[in-house]
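Pasting the structures in now, so scroll down.
Both complexes below contain chain A, partnered by chain B and then by chain C.
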Partner chain A sequence: MTEAILLTLKLAGLTTLILLLVGTPLAWWLARNRTWWKEIINALVALPLVLPPTVLGFYLLLVMSPQSALGGFLKQTFGITLPFTFEGLVVGSVIYSLPFVVQPIRNAFEAIGSAPMEVAATLRASPLDRFLTVALPLARPGFLSGAVLGFAHTVGEFGVVLMIGGNLPGETKVLSIAIYDHVESLEWSQAHILSGGMLAGSFLLIFAMMLIEKRWGRLHR
Partner chain B sequence: MSTLNARFNGQVGDFRLNVDFAIPTQGVTALFGPSGCGKTTLLRCIAGLTRLPGAELSLNGDSWQQGRRFLPTHKRPIGYVFQEPGLFAHLNVMKNLSYGMRRAGVKTEDSNELGELAELMGITHLLQRQVHALSGGERQRVAIARALLMRPKLLLMDEPLSALDQDNKNEILPYLEQLHAQLEIPVLYVTHDRREVERLADRILLLREGELLAQGEIGEMLARPDLPFASARDAVTVLDGRVLHFDVRYGLSTLQIDGGTLEVPDTLGPTGVYKRLRIAATDVSLAQSLDHASTILNRLPAVIWKILPTDGSSLNVLLRIGNMGEGSALLASVTRKSVESMNLQPGQSIYAQIKGASLLGSHTTPHPRQHRMTPLLNS
Partner chain C sequence: MNRFLRSITTATALCLLTLNGQVQAAEVKAAVAANFTAAAKEITTEFERQSGHSVSLSFASTGKLYTQIVNGAPFDIFLSADSSRPQLLVEKGDAVPDSLFTYAVGQLVLWSADPALIDSEGRALKEKKLERLAIANPKTAPYGAAAIEALEALGVWSDYESTTVRGDSIAQTYQMAYTGAVPAALVARAQIALDSSGSSWLIPAELYSPIRQQAVLLAKGADNEAAKALIAYLKSDQARTIIERYGYGLE
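Now for the complex of A and B:
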């Protein structure tokens, strides 16, 4: 049981970290760029919001399999196999939770507008400097929401995990799968412990986020 | 003589800018014109916030833009004060002030500059405050101090008072006048408010629809009959005078102006100092002779130059001070009835009775200025 909990936290934590690193430049680009085809990228990023997780998992499984071009390349060059491994789960989770991290950060960047960046430019700050010292701190609430949503969403994913991860203890057996297993085997008490824990944990996470946001809101408005 | 040279000719969005000017790098130059005339666009082009291809811009011989060369905003030695103060919400006042200083290479610790400027702008007690706790006027004062602390070589101000209500405006104007008297760098001040121009500017660049309509010294521009200033209902004359002496008994200072002298209440400083005076056209009346005694101290011989219709029911008579009309221009607001009953005509000798001349703030003009009239006025 603890194994599944730790694995889930590890997966969600790693996924959130990767998403913050990848999602921030993507969100910045989406917030600032004016080209028409940015909307295509935008739609692709948002796709996991509406796509059935099993469909996403199915295609990921196809792309990752050693018989496919990409999967074969990864296997031959790096010796990496993604299906039914923890690494594969991370890749799937990153794609699945992408919109939950990118959208709040993008909204936060857009809310800042161009004025503070122009002010910073007149105060001798280079583009990178103004991004780091003005855009990032001002977009803090967006990062908080993005991180919390991305983390929680990864903890709760089921369909994608089932398709590309299977049910290997210590490798791909995350909480949601474990709960499903317990229910299938009519182990109600174990299912109760895990589900109740998830419920309480999720509530605490969201509650903490709102408290922090409220505090920041007081400071900045 | 160091100058700011600018030539902007081209399309910015759906707006066409076509200006070519050189201004001396001292004093306040007002970029004046109605909304949508291109003032802000021009200022943004000078700051490098907007890029107009093919433009040329240099300060003191250093090229900021020419051909393909385009110095990005953060490399230009400017200070910029925006309409909205634009303080960083995530930093307190002190950190807002030091943000630009550190990046401009001005030491924050071992300089009294910060303290002195904070004192001058009246923000010393606010340094540790959060930005959201400040009033609109306080924020704009912090923004001005933040721009100045970088020791810019050019200060650009884009309608810094327009976002403020009247109380905040009145609160901040004295600080600006104070600054004006002490600053040694050139200021480009964008505004559409004639009163701000009268109080702050040394020179005016008049813009209309992206074109430079006229430019010149403040005194000369306000009196030009072909510009909207002189024919305004509440027109004013701005002139510089040199302090001749102070009469302790009556508490009156005598000022030498071009074409005569004026007596003004209060001591204005040591002899020889130049002071700028503001005389409302409605405070000037005309008399055929000095036969009758009057409580009005300042009665100067003048010659009528032009009679201008105004936007109101009265007329503005443009005079030139002196027996032969050899001195400064002066505007007098008179009724149409008076003009007809006194049969006032251009070229006529007359006496101007000046009821009140107010000093412009604590303004000491840095240099003697000559009010040479442009040929336009003689036409």
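Now for the complex of A and C:
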């Protein structure tokens, strides 16, 4: 049981970290760029919000399979097989939780507006300097909600994991799958322990996020 | 707007008419173990044609269907992949005792999408050459439990345990090997009976306890004429011929 919990935390933590690294430049670009095809990228990023996880799982399975072009290439050159491995789950989760991280950060960047950045520019701050010392600190609430939502959404992931996970204890058997397994095998006491823990944990996470946001809001005023 | 309203009224009337039509024909809701999917479809198509009744089939692993039935799912008959769960249902009063019978005896087979991977002796498995292996979840799928039994009997389970992925049902297990995501899987012979692609090895029957697949009339379907007729049809020569063609044994 602890194996499933630790695995889930590891998966969600790693996914959130990757999403913050990949999502920040993406969100910045989406918030600042004015090209017409920006909205196409925007729609692609938002796609996992509306797609059934089974659709995502199905295509991930096809793309990652060693018989496909990409899966075959990964296996030939790096010896990596993605389906039914922890690495595969990370890839799936990053795609699945992408909008939950990118959108709050993008909104935060947009809320800053161009004024503070222009002021910084007149004070001779380089573009990178402006981004790191002006934009990032001001967008802090967006990063917080992005990280929390991305983490929580990955913990709650089920459909995708069911299709590309393979229920391998210690590697792909995450909390949601463990609960499903217990319920389907009529082991309800274990299911209760895990589900109750999830309920309490999720509440605490959201509650803590709200408290921090409130405090930051007061500091800024 | 007026035309819009009229089309809604027409659509509703049509829906009601079709619903009414369905109520008049007797309907069976059958819970079917995933390994029997293809055979069940063929059998029920034939049954529907001959009897005029209609059948709705739900496929999942035996353990899942059992949980659903115990929790009040509206099924009339249960085609299990084992004999213990139907027996438990009888003991709990959820099934009709004298309706219990073995409709098929399942066989386990090692299958790979790669035509060259598995030879007629199953050497790749015995010599631990398979990087990964897929079996059905042994907790909910009898074929998964049989697979572990067979691997233990071959003395290779300890080698494969950490690299064996578990499918949600025997159907997903087959799919894992079919897509090539896993080099080989232990599946039901029925799943590959009508398909000569890939390579396979029929696991010797003495390596695992017989998979006696039993059917039972559930308490909810005890008074359903169509359900009783389907149970009777499953025992007919016609149905047995289909079952045998899918690679099952009969008792």
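Before moving on, here are some points about what is shown:
The definition used in the following text is that the second predicted complex is superposed on the first by the 221 of 221 C-alpha atoms of A that agree within 3 Å, B and C clash if a C-alpha of one lies under 4 Å from a C-alpha of the other, contacts with A are read in each partner's own complex, and residues count from 1 in each chain.
By our rule, a contact is a pair of C-beta atoms (placed from the backbone, for glycine too) under 8 Å apart; a residue touches a chain by one contact, two chains touch by 3 or more.
In this text the structure is predicted, and so the values were computed from the model without any measurement.
Legend: residue contacts after superposition of the two complexes on their common chain; A:116 is shown touching chain B, with no touch to chain C. Judged by the touch definition given at the top, the superposed model places A:67 against chain C, while chain B stays out of reach.
Applying the stated contact rule after C-alpha superposition, one finds that A:183 touches chain C and leaves chain B untouched. When both complexes are overlaid on chain A, the residue A:162 reaches chain C alone and has no touch with chain B. In the superposed model, A:214 makes contact with neither chain B nor chain C.
Looking at the shared chain after the overlay, A:124 reaches chain B, while chain C stays out of its contact range. After overlaying the two complexes on the shared chain, residue contacts for A:192 are found with neither chain B nor chain C.
On chain A, the surface touched by chain B in one complex and the surface touched by chain C in the other have no residue in common. On the side of chain A, the complex with chain B involves touching residues 115-116, 118-127, 129-130, 133-134, 137-138, 140, 219-221. Touching chain C in their complex are the following residues of chain A: 61-62, 64-67, 81, 83-84, 162, 166-168, 172, 181, 183-186. The touching residues of chain C, when paired with chain A in their complex, are 61, 63-64, 67, 70, 113, 131-132, 134, 137, 139-140, 164-168, 176, 179-182.
Those residues of chain B whose C-beta lies close enough to touch chain A in the complex are 47-49, 72-75, 78-80, 82, 84, 86, 88-90, 99-100, 103-104, 130, 132, 146-147, 150.
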